[in-house]
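Following are the structures in question.
Consider the two complexes below, in which chain A is the common component and chain B and chain C are the respective partners.
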Partner chain A sequence: MKVTVLQENLARGLSIVSRAVSPRSTLPVLANILLATDDGRLRLSATNLELGITCWIGAKIEEEGSTTVPSRTLSDLVGTMPDPQVSLTLNAQTQTLNVRSGSSTNDIKGIDAQEFPPLPVPDFADAIQINVADFKEMIQQVAFAASTDEARPVLMGVLVQVEKDVVTMAAADGFRLSVRKATLSSAVPQTISAIIPARALNELARIASDGEPSIQMVLPKGRGQVVFHVKDVELVSQLIDGTFPDYQQIIPRSYKSRTLIATASLLKACRQAEIFAREGSNVVRLNIKNSGELQPGEVEISAHSEETGSNETLVEATVEGIPLLIAFNVKYLREVLEVIKTPNVAVETSAANAPGVVRPVGDDDFLHVIMPMHLG
Partner chain B sequence: MNSWNIFGHDWAVDMLINHIAHQGLRHAYLLTGPAGVGRRALATRLAQALNCPTPVAPGVACGVCRTCKQVDAGQQADLMVIQAEAEGGILKVEQVREVQKFLSLRPYQSPFKVVIFLRFQEANASAQNALLKTLEEAPAYALLLLTADNAEQLLPTIVSRCEVMRLRPLTVAGVTEFLAAKGVPPEKAALLGHLSGGRPGYALRLSADEKALAFRADKLDDLRHLLGAKRRERFAYAEKLAKDKDAFRKMLFLWLAYWRDVMLCSSGAQAELTNSDRAEEIESLAYALGLAQARAQTRAMELALERMGKNVNLRLLAEVTLMDLPQVR
Partner chain C sequence: MSIHLLAPEVASQIAAGEVVERPASVVKELVENALDAGAKTISVTIQEAGRRLIEVADDGRGIPAGELPLAVERHATSKLASAADLFHISTLGFRGEALASIGSVSRMTLVSRTNDSVTGAKIRVEAGRANPVEAVGAPVGTQIRVEDLFHNVPARLKFLKQDLTERRAVDGLLARYALAYPQVRFRLTDGATSTFQTSGDGDRRAILAALYGVEVGKQMLEVLAEEDGLRLTGFISPAALTRSNRKEITFFINGRWVSDTPLTQALLQAYHTLLMVGRFPLAALFLEIDPEEVDVNVHPAKAEVRFRSQDRIFSFVSRSTRRALLAYSPIPALPPTQNLWGGGQLSVGSEQSSGNSGQWSENSDQWSVEGGQLPVESGQLPVNGAPTQTAAFNLPLLRLIGQVGTTYLIAEGPDGLYLIDQHAAHERVLFEKLMLQHAQKNIAAQALLAPLVVTLPPQSASVLSGQLAALSRFGFAVTEFGPNTFQIRAMPVLFGNADPAAALRALVEDFEEDETPLQNELEAKIAGRVCKRLAVKAGQTLSPAEQRALLIDLENCDSPRTCPHGRPTMIHLSVDMLERQFGRKGAR
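== the complex of A and B ==
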C-alpha cells in the first residue's frame, strides 16, 4: 500500500472512527484502525464489535493494499504532523506502516488486515431516507432516557420503529419514557422494528453534520445489524436482542390536572432546585395551585436538603383541573425540559403517585413520561 | 483420531455432531473431567463446528479457514473465553456480567455466539448465581460451554440447566500412543502416560515443559527426604512453601498421586501405579507404613487442597501438612 493524503483529512477521519476503537479488548486488533485503499479513496475503519465506524477520505493512491495500526499511535502522530501532505507506505512483509510528512518519518507496527473483523457491505438501494436535522433532534430527545444499567440490556437501547411513512423512537429506563415521532418523505413498504444501542445513536448524531440532506438507514436481513450512511461515513451497530417493553401501556390515558407553563421559566426553576436537591435524593416538589376566578394559577417549585438549605420558586401557569402536590426526580425533569424546543410545555398529572406526562405545547410528536417520587 | 481431530472421547464427539446435524443442539453444555482430559479442546472444536463458514461435513469444521484459526486462538469476534485470572483463582461476578453484555447483542459475523467458561468450579457462588438467568433463557443464537472438574463442585441449579457430558480419563496406553504420535520419544511417552493419569492434554503440557518434570522430581525427592527429617527441617520447609501458593498447590497434587500409589501398593491392589518410575521407593514405603497410614496421608493431601481452596493461612496449612507426615527412616 502506498498512498498520499492531506493531514487535515486524515486527522478528521481518525477523530471520527477512533470513537469506535476498544483499547481494552481480548482481541488486540480491535485497538487498531483499518486502513485500506478503496476505489480511489482511503478507507478508515474501527469497530468494538458493538459499534463500527468507517470513514472514506480522498487520497492519491499509488499502490493498493490494507493494514491495521494502533489507533492512539496513529492519531497522536498525525495530530502533530507539520506538513499538509502525509504519505503512508506499507511494508507488507513486516506489517510496518511508514508515515512520512515533511522531514518527519515514522514506522508504526501493525497487525495484518485479515485479522480485522469484516464490516458488512450493505446494499443502500432500498435504504430508508431520513432528514438529518429531524433525525438528530429525535436522537437528542429520546436517547438520553435510555438506561445505563447493564442488567437489562434491552433498556440500554432505543426502540426504532418504521411503519409506512412514520418513524418512531422510544427509550425508557424504568423511571421515565421518551417517545418521539417523525414523518418520512416517502412511505416504506415493510415495517421495521429494532432496538439500537443508545450509544450508537448518540455517536451518529455527533457524526452527522447539519449540512447533509439525509441519512440512509438499512437493516441487512439476518445479520442483526443496522447500518447508517451519511456522506463519507458509515456507522454499523449491532442490534440489541430482546423484546422492548410495551411502552404504550405506560403512557397515561387521561389526566386530572393539566398545567401550561413557560418552558424556560420551569427549566430555570428546576436548575435552581437541583442545586439543593442533588445533595439529598434529587427530589423536587411541584405544588400545583389552581387558577381561581380572579387570580392566575401558579406552580411552586421547591427543593430542600438537610445540609445545604432549601429553595422555592414560584412560576406562573395556567392550571386546568385539580390542585396537586407531586414530587419528581429533578434530574429527569431538567433533562426533558432541556430538549423541548417549544416556548410552552404542558405537564399532565393525576395523583401524587401516578406518572406525569410532559408534552411540548403545539407539537404532538413528542411526549415524555416521568414516574413520581415519594413525597416523604 | 475421530473427525474432530480430538484424541479419545469419540462418543462425545459423535453425540455433538449428531446434535448439530439434527438441529438438536442444546443451549448449554457442561463438560466435566479432570484437568487436561480434553474439555477445552472439545469445547473449541464445537465452537468451530458451529461457526465454520466452510464445513467439510455437517458438524465438522474445516479447521483451516480464518474463522477456525481465530477460534483456535480464542480470538474470534463471536467467541468469548472466560476464566479466573489464574489457575486456582476466582471467577468473579463481573466476568459473568461481561458475558451478559456480550450476549445481549446479536452475533457479529457467525451464526452463533459462543461463550466458553474454563474451570467453572472456580466461579464463586455469586458468579454462579448471576449466570443462572442467562443459562435459563439464553438467546437463540447463544451457546454456553462450561468446563469443570466435576459437576458436584457446582451449584445444582447450574448443573440442572446444562447437558452434562462426563469426559473420562483415557487409558495409559492410549495417552502413551497419543504422545508418541506427537513425536515424544517412547520412553518419555511411557512415563508421561503414567503420570498423566489418562489426561492427554496434561501429558502434552508436561512433555513440552522440561521444568515441570524437574519440578516433579524435586518435590517427590523432597517428600521422601522430609519423611526422614526432623521437625526443625520440616518447619523450615513449610516456611519456604508458604511463599509460593501456586507451587504449593502443584506440589500437593504431586504428593496426592504419590500417596495414592502408596495406598494402592499397601492394599495389594494390582492397579498400575501413577509414579511408575518410583515403584521401588513406593513399595518400601507401603511396607513400612501400612494401609491405614497411607490412606490417612492421601486423605490429608485432599483435605489440604480443599482448605487451600477456602483461602486458609498458607503458612499454617504448610506446617500442619508437614507435621502430620509420618516419620520413616
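== the complex of A and C ==
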C-alpha cells in the first residue's frame, strides 16, 4: 500500500473513527485502526465489536493495500505533523507502516488487516432517509434518559420505531421516560422497531454535521445490526436484544394540575436548587400555587441540605387545576429542561405520588415523564 | 464384583476416616472424652508428632472393667440413651465412635480404674481387634495409649503433613481446650520435654499468652456479655492486631470447638470499617447457650453446628464483640524493638502503652488495655458508625506540635508522641459528621416509572414479608404480588441508577444478617465522597489553626483511631518506648 493524503483529512478521519476503538481489549487488533485503499479513497475503520465507525477520505493511491495500526500512535502522530501532505507506505512483509510528512519519517508496527473484524457492507437502496437536524435533535432529547446500569441492558438503548412517515424515539432508565416523534419526508413501506444503544446514537449525533442533508438508516435483515450512513461516514452498531417496556402505558392520560412556566426561569431555578440538593438526595420540591382571579399563580422551587443550607426561588406561572407540592430528582428535571427549545414548558401532574409530565408548549412531538420522589 | 456386606474392620476404617484424619483429631477425641469424664487434670504425651505415640491420661471417673470390651466397640457410649437425648446434649461426645475408630487405625491400649474398684483393667486393640481384658495396677482415671497411628492405612499416613505442622495442630488444639476449660489442668509433653502446661486455676489470660505469645496475649480484649440465655466470653484482638487469614478465629459453643460457624461472619461484622481489606482478627470466643437451641449432630467430627435462632445469636455475638472493640480500640504503636529511623513498617504485633510509662501513668490507665474488662451489660447498642457511649475511651487531650512532610501532624499526649495522618484523620472526622446528619433524616424514595416485579427465594421472601410495613422508612415502596413475589414501586435514591431488584435484595440481606438496613450502602457512599472530594489530602500544607481544628475534631470522634476504610489515623510512640530507643531505659 502506498497512498498520499492531506494531513487535515487524515486527522479529521482519525478523530471520527477512533471513538469506536477499544483501548483495553484482549484482542490487540481492536486497539487498531484499519487503513485500506477503497475505490480511489482511503478507508479508515475502527470497532469495539459493538460499535464500528468507518470514514473515507480522499487519497492519491499509488499502490493498493491495507493494514491496521494502533489508533493512539497514529492519531497522536498525525496531529503533530506540520506538512499538509502525509504519505503512508506499507511494508507488507513486516507489516510496518511508514508515515512520512515533510522531513519527519516514522515506522509504526501494525497488525495484518486480515485479523480486523469485517464490518458489514449494507445495501442502502431502500434506506430510510432522515433529516440530519431533526435526527440530531431527537437523539439529544431522548438518549440522555437511557440507563447506564448494565444490569438492565434494554434500558441502555433507545427504542427507534418507524411507521409510515413517523419516526419515534423513546428511552427510559426506570425513573424517567423521554419520547420524541419526527416526520419523514417520505413514507416507509415496512414498520421498523429496534433498540439501538444510546452510546451509538450519541456518537452518530457527534459525527453528523448539520450541513449534510440526510442520514440513511438500514437494518440489514437477520443481522441484529443497524447501519447509518452520512456523507463519507458509516456507523454500524449492534442492536440490543429484548423487549422494550410498553412506554405508552406509562404516559399519564390526564392531569389534575397543569403549570405553564418559562423554560429559562425554571431551568435557572433548578440549577440553583441543585447546588444544595446535590449534597443530599438530589431532591427539589415544587410547590405549585394556584392562580386566582386576580393574582397570577407561582411555583416555589426549593432545595434543602443538612450540610450546606437551603434555597428557594419563586417563578411566576399559569396554574390550572389544583395546587400541589411535589418533589423530583433535580438532575432529571434540569436535564429535560436543558433539551427543550421552546420558551415555555408545561408541567402536568395529578398528585404528589403521580408521575410528572413535561412538555414543550407549542411542540407536540416531545414529551418527558419524570417519577416523583417522596421523603419517608 | 458381587454386592456383599463389608467386613467390620473395613467398615470401621471407613468410619474412622471421618473422625480421625490426623494426630490432632485423635487428641481432640481423647481430650473430649477426658473432659466428659470430669477430669481435673489431663496430660497428653506425644512422640514424633503423634505418629509414634499419643497418650492421654486423665483423673476422671474411669471405666468399670466389665464395660471395657464394650467401650471399644462402635456405637457404644455412656453419654446417650435414646434419640431424644440428642436434642439436649451436654457432653462433648455422643456418637460412640471415637474409641472404635481410633482402635481400628492404630494399636490402642486402654487402662482404666474407677474410684470404687481396687485394681485397674487393661484392654488392647490392634487394628480393630480387641484382646481380652487383663487386670493391672493403675491410678483412678483412664489412660489411653495410641501407638503407630495409621500403621494399617498407608494412604492416610502419606497425607500427614510435616511433623512440625502436625505438632502445631496438637499444640493449638490443646491450648484452645485449655482456654475453654481454664479450671482443668492441661499438660502436653513432646517426647521427654514438657511444652505446654496450665495451672487449672481458671486464669484465662495466662493461657492466652501460651496460645498467642505474651505480647499478643497482653493486647487481647476481653469480651463478656450476657443476654437472655446467651453468654459470650473470651478474647478478641484489637483492630490493630490482625492476621491475613481466619485461622486464628476460634469459637467454642458449649465447650465444644466448632470450626465452621456462621459466627465467624458475625465477628467480622463487628470489625467492619476497622480492618483493612484482607485482614482478619484473632479471637477465642466461648458461647454458652441452651443445648436445645443448637444442633451439634451435623458433622461426624462435630466441627459444624446449626442454631435454632441463628439471627438472634449472630446479632448478639456481633454486638457484644463490637462493644468490646470500640471501648478498647487501641492506637497502633511502634514496637520498641524496631528502629525508628528504619523502615516505617506499621507492625501488627505491637505493644500497648503500658501502665508504667513514666510520669503520666496515673492519667493513662483509663485507656490502657491490659486486663481491660468490660462490665457485663445487656443493653442494646447501635452496631455501626452510629454514636456510641465510648467517650471515656476516646483520645486524650493532645498538644499540637506541628506538621511534617505536609502529610502528618505531630502531637504530644499524656503518654508520648502521636503521629497523625491528616488525610485519614480528616476522613474520619467528616465521615462521622455526615453519618450523624444522615442518621437524623429519612431516606428519600424515588418512584419507578413502571413497577418492577421480583421473585425472591422463599426464606428471603418470608423475611421481607415480615418487614413490609417498615420498608417505607428506608425509601422502598413494596407490596406483595403473589407467593414469594413482590412489586417494587419506589426505591431509595441512595442506590442511584442501580437495578431496583438488586437494591431490594441488598436490603433483604441486611435484614437477614440483622444489620442496620442500608447502613453499608450509606457508609460506603459517604466514605467514598469524603475520601474523594472533601478530606484534605496528603501533601497539603495546613496552617496551625487548621491543624489544631483537625486535632480537636478528631478528639471528638467516636472511633478516632481508624479512617472509614479501616486504615489507622495515628501512630503512637509511647514515652516508655522513646526512653528505650534513647537508651535511657534498658531494652528488655
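The criterion applied here is as follows: the second predicted complex is superposed on the first by the 374 of 376 C-alpha atoms of A that agree within 3 Å, B and C clash if a C-alpha of one lies under 4 Å from a C-alpha of the other, contacts with A are read in each partner's own complex, and residues count from 1 in each chain.
Operating definition for what follows: a contact is a pair of C-beta atoms (placed from the backbone, for glycine too) under 8 Å apart; a residue touches a chain by one contact, two chains touch by 3 or more.
These figures come from a predicted structure and were not determined experimentally.
**Student:** Clash or fit: what happens to chain B and chain C when chain A is overlaid?
**Tutor:** Chain B and chain C clash in the superposed model.
**Student:** Considering only the touch criterion stated at the top, classify A:T148 as touching first (chain B), second (chain C), both, or neither.
**Tutor:** second
**Student:** See if chain A has more residues touched by chain B or by chain C, and give me that chain.
**Tutor:** Ranking chain B and chain C by residues of chain A touched puts C first.
**Student:** Should A:L239 be classified as contacting the first partner (chain B), the second (chain C), both, or neither?
**Tutor:** So A:L239 only meets chain B here.
**Student:** Quick one: is A:Q114 in contact with chain B, with chain C, with both, or with neither? Answer first, second, both or neither.
**Tutor:** first
**Student:** Could you tell me if A:P23 is touching chain B, chain C, both of them or neither one (first, second, both, neither)?
**Tutor:** neither
**Student:** Kindly classify A:P213 by the partners it touches after superposition: chain B alone (first), chain C alone (second), both, or neither?
**Tutor:** Neither partner.
**Student:** So, A:G79: does it touch chain B (first), chain C (second), both, or neither?
**Tutor:** A:G79: touches no partner chain.
**Student:** According to the stated criteria, A:P296 is in contact with first (chain B), second (chain C), both, or neither; which is it?
**Tutor:** Touch partners of A:P296: none, neither chain B nor chain C.
**Student:** Can you pull the chain A residues that chain B and chain C both touch?
**Tutor:** Comparing the two interfaces on chain A, one with chain B and one with chain C, the shared residues are 151.
**Student:** Residues of chain A touching chain C in their complex?
**Tutor:** It is residues 147-149, 151-152, 172-177, 245, 249-250, 280-283, 306-307, 327, 329, 353, 355, 369, 371-376 of chain A that touch chain C.
**Student:** Under the touch definition given earlier, write down the residues of chain C that touch chain A in their complex.
**Tutor:** Residues 434, 437-438, 440-450, 452, 472-473, 475, 490, 493-494, 497-502 of chain C touch chain A in their complex.
**Student:** Once bound in the complex, which stretches of chain B touch chain A?
**Tutor:** Residues of chain B touching chain A: 66, 70, 74-75, 77, 80-81, 97, 100-101, 104-109, 139, 141.
**Student:** Quick one: which bits of chain A touch chain B in the complex? Just the residue numbers, please.
**Tutor:** On the chain A side, the touching residues are 26-29, 49-50, 114-115, 117-118, 150-151, 153-154, 156, 197, 223-225, 238-242.
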